[in-house]
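In the two complexes below, chain A is the common chain; its partner is chain B in one and chain C in the other.
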Partner chain A sequence: MSTRKPYVRPMAGWWLKNPVYIRYILRESTAVFVGIYAVILLIGLIRLSSGEAAWNGWLEAMRGPGAILFHCVALGAAVYHAITWFAVAPKVMPPLYFKGEKVPLEKLVTGQYILAGVIYLVLLGLILWS
Partner chain B sequence: MHKRSNEPIVWSLFGAGGVVVAYSMPVFILITGIAAPLGIVSVDVLAYDRLAGFAAGWFGKLFLLVIISLPLWQSAHRMFLSLHDFGVTGGEVFFRVVLYGAALWGTLLPLYLLIGM
Partner chain C sequence: MENNDKTIEIEVLRYRPEEDEKPFLQSFKVPFTDDMSVLQGVQYIKDYLDGSVSFRWSCRMAICGSCGMMINGVPKLSCKTFLREYYPGKITLEALKHFPIEKDLIIDLSDFIGKLESIKPYIVPSAPRALEEGEYLQTPRQLDRIAQFSSCINCMLCYSACPQYGLKPEYLGPGAIALLHRYNEDNRDSAKAGRMQLLNAQEGVWDCTLVGYCSEVCPKDVDPAAAINRNKVNSAMDYFLRCITPRGGN
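Right, the complex of A and B next:
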């Protein structure tokens, strides 16, 4: 049995020391809300496959104040995920060329916002009016 | 024998999931979690017949599988990497099994349900 007690630098709260670290942890934390929401959708699918009464029970559960509060926070998390995703994506993808010139980072980020806006509107249109 | 990493597979699912979340999840959360429960949109939007009809077609099945499964892979991979940030050093195999296992379960179960719908 070793009697050595090596010093281990404490890690608690390290990310509170710098705004960059806080934004990083905030970005990674969106995964928790994404995961919970995906499980809520999965439960919805289970209920849907069990018939109309079960599905209506799921819809009823979604009306609880706790559920609505959760979804408001989850919406913020999903939007924050999107913003950070669009900022990082051009940096991890191979460079895009247009007329022999590298497309600048800002244009790629803006392009993703435009694409996302179009897709959101199409989805809303299909969900609400189709 | 060279041992191959499973990282590219998990990362591909993470990347695809991140795209799905960024380009669609805000809309789904807004409709199912806020607008429909608060009565801002009609109850017909999420009516049983409409959703069951959607899940009966092959496009609906694929769509629902994608929006449930891929976000789970994205979430699982991100949470796995975050363990290190919060000082969790041991149990890597355990956490891989739990997190990626949950995402795999969240892929196979909807697949099975949707095939039967």
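Right, the complex of A and C next:
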């Protein structure tokens, strides 16, 4: 007769037991703020299509301290998510080769920041000169 | 060894299936020198303090993948981790997380072995090849595509790092997928179509939520997270190609 009795450990509260898991849960929960922000933007679009008064009402609502606070938090969440995404993006894509050499992951991460910076500058330029 | 002045406290999560309902911590005082690994600390316990403490080990040089355990909550190879790193604090040892404990620091690894077998971790040539036809040739770049992933030693630290595996044991998991990727990317292999079936399943790559801890704990820099997430792209491509061609372009 077998005397085996493998013990399975419970998973309850696993995400609090390691700082890596806490950072992972934080990263995933940034989606909530980005999601709410998208809904607010969508409501704005609907208000815009409903006429000038509705649009101005939405703009007024966006000037409230609660709305400004939420947007600051949502911006922070989006930036944190972008940083974590830039860090893992090279893992998601197939390896890039340049002149027969594999491009190191660190260079790909830096490249994304440079690309993001250029895009922001172009956008800023377009806004300022239009 | 008994003449050393430095002593470190090692707590071991004990579980004796014939006597215990659940695991409990037992503390040992272990004299040590700066060149002693955690594995040597456990060996000291077994040799001098309590012969019933059970654990797996073999090579002592981070190549056999047998001696993985949770060291202060982090999955590590005990032969590659030194007691001095924790002194004067104490060390808590536990069997690798997310696996059933068979006894003390020994886990039941049959689930992993089954998954490893399922991915066909060997080269399947497209046609039988006679000896006189010579060796299979591979360019340095073709080797470069698989070299990193072929370093896996099946130590299962990545499974202990992966909460998704802990929550859903049916998930194929980082180690097996890294090795699957290694054979799928090999230019001498022709079993990709069959392996893609495993990857495409929910418990294939799609149970991964990119926690990324598997790659952090890997003692051989295999980067299983990269293997899994590149295959999310491959799996999506395979799905669409299957709609157009019978074998998904493989």
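Please note the rule applied: the second predicted complex is superposed on the first by the 114 of 130 C-alpha atoms of A that agree within 3 Å, B and C clash if a C-alpha of one lies under 4 Å from a C-alpha of the other, contacts with A are read in each partner's own complex, and residues count from 1 in each chain.
To be clear about the criterion, a contact is a pair of C-beta atoms (placed from the backbone, for glycine too) under 8 Å apart; a residue touches a chain by one contact, two chains touch by 3 or more.
The structure presented is a predicted model; accordingly, all values stated were derived computationally and were not measured.
Counting the residues of chain A touched by each of chain B and chain C gives the higher count for B. Look at A:P94: by the touch rule set out above, it reaches chain C but stays clear of chain B. Contacts of A:E52 after superposition: chain B is touched, whereas chain C is not reached.
When the shared chain is aligned, chain B comes close enough to touch A:I119, but chain C does not. When the two complexes are overlaid on their common chain A, residue A:N18 makes contact with chain C while staying clear of chain B. Once the two complexes are overlaid on the shared chain, A:P6 sits against chain C while remaining clear of chain B.
Using the contact criterion defined above for the overlaid structures, shared-chain residue A:E28 touches chain B and also reaches chain C.
By the touch criterion defined above, A:K102 reaches chain C but does not reach chain B.
Of the two partner chains placed by the overlay, only chain B lies in contact with A:A78; chain C stays clear of it. Overlap of the chain B and chain C interfaces on chain A comprises residues 11, 15, 28. Touching chain C in their complex are the following residues of chain A: 3-9, 11, 14-15, 17-18, 20-21, 24, 28, 88, 90-95, 97, 100, 102.
Remark: chain C residues 15, 17-18, 22-23, 73-74, 97-98, 100-102, 108, 141, 144-145, 163, 166-167, 209-213, 215-216, 223, 225-226, 229-230, 232-233 touch chain A in the complex. Of all residues in chain B, only 18-19, 21-34, 36-38, 41, 45-46, 48, 51-52, 55, 64, 67-69, 71-72, 74-76, 78-79, 81-82, 85-87, 106, 109-110, 113-114, 116-117 touch chain A in the complex they form. Contacts from chain A toward chain B in the complex involve residues 11-12, 15, 25, 28-32, 34-35, 37-42, 44-46, 48-49, 52, 55-56, 59, 62-63, 67-68, 70-72, 74-75, 78-79, 81-82, 85-86, 115-116, 119-120, 123-124, 127-128.
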